């Protein structure tokens, strides 16, 4: 049954392919670490190169898969070190990763995130190997109504993020959802809030949004800090370099749960690393955050999104390899790469091109081991980014932001938009908003509206479709439980304390 | 010395957001929809969100919270200078090309972050060239060469 | 660092910068293809087809640049070519039937189809009407009968909004059965992949997709293609699929993939490019590349193609008016 995998390892273990897996992992880490330049660009840029070099299909795919997984590893670096997410999946990583770096624990934080990435990816690749065809059948059971219920669930799981200022959290989320409504309406083709600017027809790009919100506002905040006389102006001290076994063990259940959750979300076509990171983070916060340390540099808050986004990256291979349906933007590009080699992924791929399917899965195993081996010892080196003086670091962030946005759009409007969003992000942060709800609102809100309207278009307006299936009903109940149970427990314990008093 | 206190800031924000909500609602109402297959249509979501936003902002107006410290006038001026530099960068990016515009802006930013002139210029030149190499040769990204050259 | 060494460092780096600058100037003469989309999309592949094909066939010497300019399914690039690079002889922009539809609907802003020089098409894909393998309809006729009886009993889905070319396929199919396209149930997804997943999960019953994206599902027997929206049967793995016309419904939906150039490009450059593409279409190496992308042969260049697109846009305008998309 697993002949294809054994053959696959045979393919992957040739010196050329091992070298390519290594090169891909390295390049991917670099692509992921640079804000705005994510795996999609990496693959799109290197795909024609692989083709012109005349690499055979499986070798090209092994390198591209290395880039893909490498980028998920790399995305966390600027999240932790600079509070600027390197890619979509790494937004939640900033929440606890950066506070850890500020405490002088950048090295261990990078190490832990490498370990959790590895665990998450390994869970997902095992799942991919064992259950891919089965999961693919299950994934298509998710239709618009089920996705809508999933989004309701995701929003209600966000309630745990409310924190000390629930009004501002809610406003942030609403603003995020509103930003997602800009552009051509996906149902009717009507332009919403585009003000006759063609640049806004496709809506506000995710990369423009995160670079503006995080990177540009970070530059402004750094300037403020640099002008402050008190101790905050100091760069964080560099403490120890390696993550301790104790820290890893503290997070073991978090990693396993988040990895599993990330994998499942990744398998569903249409949801990706950003949703996986958000849902796993909020779940872990709910489960583990007894002392209120999440958001202030909790190891588990760092491990959760990292395990989840890597698992989701590997999970999105499931619909691509088994159904020929890309589960994410990046797998869409990989699909294009395969087509260039005259290989059509889909139900027949495992029987028709076993060396490609097996080689790819084997290279995911190898790539992950390479990445762990690459990232653990180098954590200390990467952490030294923090010792770069601000007058070098800030211009660096600025040019990366510009290049990241420019190479995506070849257009200055996107850069102006990034600057405007940056000012907006700065003001929000000064006004005591957290940026995570804005991003979550943006990611989840768009999906929520689209899927609600798709579901109702299918049923002709009958709202019954929204909870008809077992899957959606289950998600509705889970969402309600998330909102009601904590309140109920709160009441119960209040009653108990008043009695005992 | 703070420019304004945080409660005023929250109130100002609340008023601005209510204005934004009104604008969104009026824009959404004026959308012309040829026809829609779903009963919700493209208007309902923005209008609903505008109402929620307005309600939340009202609460904020009544119960403004605390927030961070606002920069002093001197720092605010520097912030504007950074934004101005970034704007100039955007304006010159295609016209002067990547190398020239980046070099200038890197030097300017470094200077604003209190590097000496010498360090600032050296950083500008080295980083512009180094990053150009990294992006074009290393990562295969196309960058503007500058229209003034050709 | 003392000031002396840093000064020499400074000088050295300025010199190095100058050298680099002059080398980057030469690169500016390269041929360029703008893909008006994000990396990986159909337009990206269209640009790669020209870039790889021309290089392999030896029709260009230096690799062609592929630049991404997403926005409004081509609107941003269209405006860019009309506003900024109106006469660049080295620039071509990828386009397809989708661009023609949007031009007809006035979604490219102030500009009309007459504003650019349509260069040529080098491949074509065809629309298809797809159902699940276990669907009750064996032929297009049976589906049409079910639709006539109760249009709301069948949910259509595809990867585009109302007014997009994916929607047009559904609307034209409905119209061929004398059903008001507004009476349909139609669901807009984000791209063909999501629609196909929804079809496999039985959330929608009919998917109006493109032939090229169906191959693996067709081979595995998960889906049935009721009709190809081509003029005549296409070959290869699709040879068994009847056309809609064969079954008595006049619906055709070719999706050409081609290029345009700026409005003020010289006749000389235009002729040179159109000749180059023509040679490409005839090259042996090109057929493999084209087939890898699931495209069928189409070769129309220069003025003939220019007239074809303009006529197509005019046709779409009428259609849009008819179904009530525009006034």
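Some observations on this one:
Order of writing sets the chain letters: A, B and C. Residues in each chain are counted from 1.
The criterion applied here is as follows: a contact is a pair of C-beta atoms (placed from the backbone, for glycine too) under 8 Å apart; a residue touches a chain by one contact, two chains touch by 3 or more.
Keep in mind that this is a model prediction, so the values were computed, not measured.
If you compare A-B with B-C, the chain pair joined by more contacting C-beta pairs is A-B. Of all chains present, the one whose mean CA position sits nearest the global mean of protein CA atoms is A.
Compared with chain B, the chain whose C-alpha mean position is the greatest distance off is C. Averaging C-alpha coordinates per chain places the centre of chain A 30 Å away from that of chain C. Chain centres here are Cα averages; for chain A and chain B they lie 23 Å apart. One inter-chain figure worth recording: chain B and chain C are separated by 34 Å, centre to centre, where each centre is the mean of the chain's CA atoms.
Contact with two or more other chains is made by residues 34-37, 119, 128, 142 of chain B. Contacts with at least two other chains are made by residues 41, 45, 185, 187-188, 407, 410, 454, 457 of chain A. Of all residues in chain C, those touching 2 or more other chains are 67, 162-163, 185-188, listed in ascending order.
Against chain A, in their complex, chain B makes its touches with residues 6, 9-10, 13, 17, 24, 27-28, 31-42, 45-46, 49-50, 52-53, 56-57, 59-60, 63, 65-68, 70-71, 74-75, 78-79, 82-83, 86-87, 89-90, 93-94, 98, 102, 105-106, 109-115, 119-120, 123-124, 127-128, 131, 135, 138-144. Residue ranges of chain B in contact with chain C, taken from their complex: 34-37, 97, 99-100, 103, 118-119, 121-122, 125-126, 128-129, 132-133, 136, 142, 145, 149-150.
Of all residues in chain C, only 34, 38-41, 44-45, 48, 51-52, 55, 63, 66-73, 75-76, 78-80, 105, 107-109, 152, 155, 161-164, 167, 185-191, 193-194, 196-198, 200-201, 203-204, 215-217, 219-220, 222, 288, 291-294 touch chain A in the complex they form.
Touching chain C in their complex are the following residues of chain A: 40-41, 43-45, 48, 51-52, 139-145, 184-189, 196, 198-199, 201-202, 205, 269-270, 319, 323-326, 329, 332-333, 336, 339-342, 344-349, 407-411, 413, 450, 454, 457-458, 460.
In the complex of the two chains, the chain A residues touching chain B come out as 27, 30-31, 37, 41-42, 45-46, 49, 165, 167-168, 170-171, 174-175, 177-178, 181, 185, 187-188, 190, 192-193, 216, 219-220, 222-224, 226-227, 389-392, 394-396, 398-399, 402-403, 406-407, 410, 412, 415-416, 419, 422-423, 429-432, 449, 452-454, 456-457, 461.
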